[in-house]
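Both complexes shown next keep chain A, but they swap its partner, so chain B is in the first and chain C is in the second.
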Partner chain A sequence: MAATTLTPTRRSTAAPAPLKKTVRILKYVVFYGCLTLIALVFLAPYVIAFFGAFKSEANLFSTAPWSPPHSLYTGNFKTILFSDDFIRYLGNTLLVTCALTAGQVTFGVLSAYAFARLEFPGRDALFAVYLATLMVPNVVTIVPLYTMMRQFHLTNTYWAIFLPYVLGVPYTIFLMRQYFRSLPSEVFAAARVDGCSEWTILTRILIPMAKPIIVTATLIAFVFGWNNFLWPLIVTDSNAKQVLTVATAGLQSAFNDQWNLVLAASLVSLVPLLVIFAVFQKHIVRSLQLTGVNR
Partner chain B sequence: MHVTALRHSRTATAAQDGPPSRKHRTTAGGARRLGTAAPFVLPSLIGVAAFLLIPVVIVLVLSFVQWNFLTPPRWVGLANFSTIVRHDHVFHALLISAYYVLWNIPFQTVLALALAMLLVRKMPAMGVFRALYVLPYMSTPVAMAVVWSWMFNAQNGLINHLLLLVGVHGPDWLGSTSTALPVVAMVNTWQYAGYNMLFFLAGLLAIPPQLYESASIDGASAFRRFTRITLPLLNSTMLFVLVTDIIGSFQIFDTVYVMTQGGPGNATNVVNYQIYQTAFQNFDVGSAAAMSLVLFAVILVVTVIQFRFFRSRITYEIA
Partner chain C sequence: MPRTLMHRKRLFRASPRRLAVVCGCAALLVSAAACSSSGSSGSGKINLTYAQWVTPENTGYQKSINMFEKAHPNIHVTIESIAYNDYQPKLTTQFSSGGGPDVYWVNTPMIASWLKDGVMEDLTAKIKAAGINMSQYIPTLVSLHQFGGKIYGLPKDWDTIAYYYNVNYFKQHHIAIPSSLTWNPANGGTWLSFLKELTVDASGHNALSPQFNSSSVATYGTDVPNEMQWGFEPYLAENGVKIINQPYAKTVAFNTPAAQQTFQFLADLMYKYHVAAPGSDLGTNAAANNNEDQQLFAKGKVAMIENGDWITAGLPSSVKFPIGVLPFPAGPAGKWTVLNGLIDSINTHSPNQQAAWELEQWLGSPASQKIMGAGGYIWPGIPSLDPLMAAYWKAHGMDIQPFLTEASWNTVFWPVTPGMNKAQLDIANLLAPAYLTGKNVPQAVSAAARQAGDDLATAG
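Up next is the complex of A and B:
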């Protein structure tokens, strides 16, 4: 390189300054180039689904998957969103997921508070039982749960879909308990001395202090409810109570391999989670790290 | 886990300052405390009992009966388990699951660690890339499996279109016994690599930079610093990531259901899918219950082995 010969070398081992700079810039370019390439691989399915969803069927099969649609063809979304079924699945999913989330967080907060801040006989033994249930694989309880739902004539109801998860689940109770215990105990002691009831302490002191973990628990519950597949697949068998995941899994056969419609429908079912991710991105990343290593 | 202790010292000290449990407790006081706590605990206690504990008892009972959900169940003793031993379809499904774990976990873990090591640097825009890599974790597995089926579509999919550019006629990925399982595993690697990266990032950030500095001064190569500092100090993170991922991998269902339905042939007929079919398509409840208990046992054994392995290695307290 011409520049190197012009620069006097101060030390024989160190590279001349301009060369060093070039190397550094090159390193930056390679580094960020790699990161961008990896990001492209991670994003590819979304992009390809997006492109496909805005193409007509003829267009989809005549153009390359990576070429953006010439014009935004919205016919696929019209077909899906104007079909009564799809709107019903969307409504069912929202209803069931919101009920599940509200119950799981409310009852979870209550139990976590008791396990973290109240003293009662058998507390630690009971908590150990909760922890032990974390080891039971999902599939082990699916068959008996289904037989129970049949026994109580609850199959094919909204209740059946969210009932097993609505009263609080050990995992989020554990997360919240750990967080509640980390809060300074003097505050709670002072409130008790002042004669506050446990309910007042919970609603006026604990919940405001524990907002981050409650948001985390809410997100975990919502994403779980929205994504839940195996259980709704088993416990519902009518169109009336079907949820989005079960419908999505049947898209290919339902639309007879009209991939433009299939992709549009998948995209619609992904949108709520994408919005949640965009809004809570920082929070999600932080809380996932926290929850994971603490588990 | 010592990483936890380091990162959340608040949590560690708080562990002792919960309500002190006193040995001398009057019965009346205990009853009163129970009365105070009951409204808080009862809802979740009912939930855990009804939807987790009782089902485990029921599944044990069901594994000893023959039942099709309709006619009265018939006690058959250990017949369901002896069927599992005699016919190799369950063993075969377990083997498929094991293959799946082997296709999924090594790639996923190495990729997650590599991504974490890229993003651990203090440079601009790291947060943006971190978010982009985690994004797949936040999407519905069923919907993404549909999209990936389109990407791997033999005639019109992205993958085969790209291969055509370099003159290769790609296979029917999901329709061929040799490629279907690796493809399903790859989809899950795509979905969870970024998520696991977060844990490795947390682990890497907990390693004191002075260790690397003094190792460099002593002339340790980058490879040696990685094997002698990074890996040993990531021991507990690695244990956590592997244990949770392998438990999850053994229970893969959604992706298989959407992309391959267990096929072609039996190529992707993993245990969970087999249990689902046995119970809800063949209505052989007893066999399905027995199979789910076998899966439970396998997962427990694999988990215990991992704990043994990681415990036997030296861990360093850096707190």
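Up next is the complex of A and C:
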């Protein structure tokens, strides 16, 4: 009955078919127009960087940024890869990023487990204090950290670049703790009843169950390590210890612009992140769901 | 269900092991790398760090350092080149923790704050003991780095401000290089006529022609950057105005009618006569901080750019035409230029004071400055070596003699005084509306002078 009464009403208020079609087309045009515009805004810097990386310095400055290169000039990449110690910087970056990531994930899992699943006095207060350090900007701790590194004679070493971050950072520990807490507590209770130690519970039950969030934490740590700039800039004193971000910034100076090299270096730096994205695409999408959904 | 359980079983067996392997490998790699790259050479050598910002000069200094190391086999020097914008923040952070490079470049804008911080070693006694002849250097460079009778570094180079021009453009438009040019804020002088001759619209009419269309200019005569050293300071000096009256002044000196006339003239070049590219073409605040002026020059949008000789080595690779250099036009107060120079300073925190002093002496010596001048990297601080620099560039197709000529004119320094770094930013911000629109110039100058005065007064 309801259907029969509603149908004429709908018909009576509905627009004529051609008008409806026009409105629908117009909606699509506006919708896809907006999407295209947004996509252009996001893609334009990459396209311009790509074009610029294949132009010589003189061509880069004498042509419009959005005009494609006349020929595929590879001189910038040759300069970067073969005459500018870039391979060394790439190796340095890979080394410190892997060390930072491995440490951050390992210690992050341990501390998140403690904050989520172990009972000890002052646990929540300690976690709250630790979480509060999220509010402290990085630059505030730069001078004290540098002083500490000097005291330990660690400045200008690889250790100095990743040590401040290797024991975990509040953001990823927070993410993991929340995830660990969301896992069914019955599983852990059952494991304890069966006589499992905390270490066994952690390694044989929790880690396999928490694989998605661990992958997320790994990706966050890797991207952070790869893109870290200020701290490596401050704590290293020689080109031999430079990482990609610092070396790329050095190519662009107020006294000698080499934007062609900067763009080529930026593209090369992007490659490992793109590879990681391609490999872990599924996990990244899942991690977005994990971090976005209120559990 | 069984599949899931098995899958999990396989995972929890493999994950900790994998994790341990990854951690172990990373630790091993880092240990190996850290050990192999330790700061100590292990052979009793003294390791010095020599900080510079990134410029084409770095290559020349490496050649000079190679010579130094041959003469001092017990000292190893590592050149650390840092992007200019990061240079002062990085070193200041390191200094605040008692660290930093052993020897480092000091640009004029950095002197006041680093002197106040006490990180520049007083070299007066060492210079006297070593019997270094300070009269071999350009006297103004020595006085620029001398405070309260103390000397904080040996001058290594100098620079002045002139106009780089597109040689092909001049030929194409049959424009002769004038022997001398003058400007004044009243009618612009021969400088304005020259700029009008250089400025050409899309139809090929120059700005002297009644048919000139100012709304479709193809190439402007020049640019007018909202920048102190290589923008307005030379013009102010040539109209009898200084930013501050003497080094370490607590007040500014450019809130005068003459200063307002000068800035009005510069704005008129852009918006009344249309012979200079509008400020909006020069990026944020019209300050050309990202070398927008050089990009306009490379694109053929301006026939000349006002800049310092430090871009000489980098500019030819960014353009497709030969480059010439024109001296600054003379102003109502005569011929003035901004002469600036750098010193190498020794870090007071350096544990290697003696070795650092050896390096300082080498860098200030005729032998090192000869390498740098003859390689076309810098104008040496020792004037007898300056012809080497001119000869290098002459042989490479660019006559840079005008920079050298200007060094013998009246000179004004970059205004050295505590608080000037902040004041410089505030001046650029407050002058920006005038540079971007050409309107309310006197008000902008007054506001900039007032704010800069406050900055100096409160700098301590």
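Just so it is clear, the second predicted complex is superposed on the first by the 245 of 295 C-alpha atoms of A that agree within 3 Å, B and C clash if a C-alpha of one lies under 4 Å from a C-alpha of the other, contacts with A are read in each partner's own complex, and residues count from 1 in each chain.
Everything that follows uses one rule, which is that a contact is a pair of C-beta atoms (placed from the backbone, for glycine too) under 8 Å apart; a residue touches a chain by one contact, two chains touch by 3 or more.
Only a predicted model underlies this, so the values are computations on that prediction, with no experimental measurement involved.
With both complexes brought onto chain A, simultaneous placement of chain B and chain C is prevented by a clash.
When chain A is checked against chain B and against chain C, the one touching more of its residues turns out to be B.
Looking at the shared chain after the overlay, A:A102 reaches chain C, while chain B stays out of its contact range. In the overlay built on the shared chain, the residue A:T74 is in contact with neither chain B nor chain C. Looking at the shared chain after the overlay, A:W159 reaches chain C, while chain B stays out of its contact range.
Applying the stated contact rule after C-alpha superposition, one finds that A:Q252 touches each of chain B and chain C. Contacts of A:V140 after superposition on the shared chain: chain B is touched, whereas chain C is not. With both structures placed on the common chain, the touch criterion links A:P208 to chain C but leaves chain B unconnected. Using the contact criterion defined above for the overlaid structures, shared-chain residue A:S83 touches neither chain B nor chain C, since it reaches no partner.
Shared interface residues of chain A, touching chain B in one complex and chain C in the other, are 60-61, 142-143, 146-147, 150, 233-234, 249, 251-252.
On the chain A side of its complex with chain B, the touching residues are 31-32, 34-35, 38-39, 41-46, 48-49, 52, 60-61, 64-66, 107-108, 110-111, 113-121, 123-124, 126, 129-130, 133, 135-148, 150, 163-170, 173, 178, 181-183, 185, 198, 223, 226-227, 229-230, 233-234, 244-245, 248-249, 251-252, 259, 262-263, 266-267, 269-270, 273-274, 276-277, 281-282, 284-285, 288-290, 292-295.
By the touch criterion stated above, chain C contacts chain A in their complex at residues 8, 11-12, 15-16, 19, 22-23, 26-27, 29-30, 33-34, 37-39, 49, 51, 53-56, 78-86, 90, 93-94, 96-99, 101, 289-291, 294-295, 298-300, 310-311, 313-314, 317-320.
Contacts from chain A toward chain C in the complex involve residues 57-58, 60-63, 95-96, 98-99, 102-103, 105-106, 142-143, 146-147, 150, 153, 155-159, 162, 203-205, 207-209, 211, 233-234, 237-241, 249-258. Contact residues on chain B toward chain A in their complex (touch as defined above): 1, 3-4, 7-8, 10-11, 14-15, 17-19, 21, 25, 30, 33-34, 36-37, 39-41, 43-48, 50-56, 58-59, 62, 69, 115, 118-119, 123, 125, 127, 129-136, 138-151, 153, 156-158, 161-162, 190, 194-195, 198-199, 201-203, 237, 240, 244, 247, 250-251, 253-254, 257-258, 272, 275-276, 279-280, 285, 288-289, 292-293, 295-296, 299-300, 303.
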